[in-house]
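What follows is a group of structures, each given as structure tokens.
Two complexes, one shared chain (chain A), two partners (chain B, chain C).
The block that comes next holds the complex of A and B.
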């Protein structure tokens, strides 16, 4: 597994949290919510492949 | 590696430019509203003290300042001079619609200006001055609103631009 992925997810998390704080401060709660959701989806897309790998590993381990 | 660095700098720079242009609209609007108020005040003075006809007044006002909002007056004058069977209200409305894009004003401001134009040349001097006074009051309210919006959104758009660029770079690397 690549260590880069973790750093990337961390960076996205930091940026999204800053964006969230700024948008909340200017009174755009719904946009803040939207950015949080976008960040979640982005990270999910990033880790999707790793999750697939994990399931494949489990499958082969128990030989379904 | 070098290509990646150059590319990420370009992406961040581009999004910064977008953010700064969006925020500059917010900082320009109060200034333009202020200029517009002084121009309409000038029109009031032309009517009150000099009793000049509207084309002369518009010409002087249009020439007095080099700003996008002055083009409302110069363009309206152009339409009045060049086209037959057009009245001042129509010319003014058309000038506003055509020049809105150049200014930082929004729809509400345009509506106030158009309703101001509809009253132009419709009554005696007292009525004109009342109309001008009323328009000035409304524009002043708009200016206060615009200043509030500027405080709120100016920094937000700048930071959004920078952070959005950073996000794109992180995703693309």
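The block that comes next holds the complex of A and C.
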């Protein structure tokens, strides 16, 4: 269970919001929407991997 | 100590989540979920000696040992249900949280049925 997952997620979040701001400035709205989606999926994959680890730990611990 | 590490980590995580909530609320929800998962994993890892302790002493008192795994499984289900329900409640979805809790209760009662039946049979035997 690495602690730096939170910092990676925060970095992705900040990066996405900055990218969106820039893209909105230059007028490309749909590209901004796309970057938001990719950021969301990226964070989702990272969190999902951690959740799988947790549930495997619980499964072995509580003899499911 | 463990608790200091956990508290520091949770404070940092909440600060990051509050910061993320302004710009990207959907990523903030996932960050809080990730923080919950990490703290949960740290706590669960410390739980195994307690479970061994329960197993050893119930073995000694020779309570027939088919109840103990069920009991431990019920504790596990309660843990996971509460975790999921709180995550949904954090994100503002109270209705989904109550549904998750209801599902958890149903599963726990299903697991508890054999224990209840043996208890009732015992009572019926004692009744005059």
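Operating definition for what follows: the second predicted complex is superposed on the first by the 56 of 64 C-alpha atoms of A that agree within 3 Å, B and C clash if a C-alpha of one lies under 4 Å from a C-alpha of the other, contacts with A are read in each partner's own complex, and residues count from 1 in each chain.
We adopt the following convention: contacts are C-beta pairs under 8 Å (C-beta built on N, C-alpha and C of every residue); 3 or more make two chains touch, one makes a residue touch a chain.
Only a predicted model underlies this, so the values are computations on that prediction, with no experimental measurement involved.
Counting only touches as set out at the top, which of chain B and chain C does A:40 meet: first, second, both, neither?
second
Tell me which partner touches more residues of chain A in the superposed arrangement, chain B or chain C.
C
Using the touch definition from the top, say if A:63 reaches chain B (first), chain C (second), both or neither.
Only chain C; A:63 stays clear of chain B.
Going by the contact rule set out at the top, does A:12 touch chain B (first), chain C (second), both, or neither?
In the superposed model, A:12 contacts both chain B and chain C.
For A:54, is the partner it touches chain B (first), chain C (second), both, or none of the two (neither)?
Only chain C; A:54 stays clear of chain B.
Of all the chain A residues, which ones make contact with chain B and with chain C?
Chain A residues touching both partners: 12, 16.
Inside the complex, what are the residues of chain A that reach chain C?
1, 3, 5-7, 9-10, 12-14, 16-17, 36, 39-40, 43-44, 46-47, 50-51, 53-55, 57-58, 61-64
Along chain C, where are the residues that touch chain A in the complex?
Interface residues on the chain C side: 9, 12-13, 16, 19-20, 23-24, 26-28, 30-31, 33-35, 37-38, 40-42, 44-45, 47-48, 51, 69, 72-73, 75-76, 79-80.
In their shared complex, at which residues does chain B touch chain A?
152-153, 156, 159-160, 163, 166-167, 170-171, 173
Which residues of chain A touch chain B once you look at their complex with the stated criterion?
Touching chain B: residues 8, 11-12, 15-16, 18-19, 22-23, 25-27, 42 of chain A.
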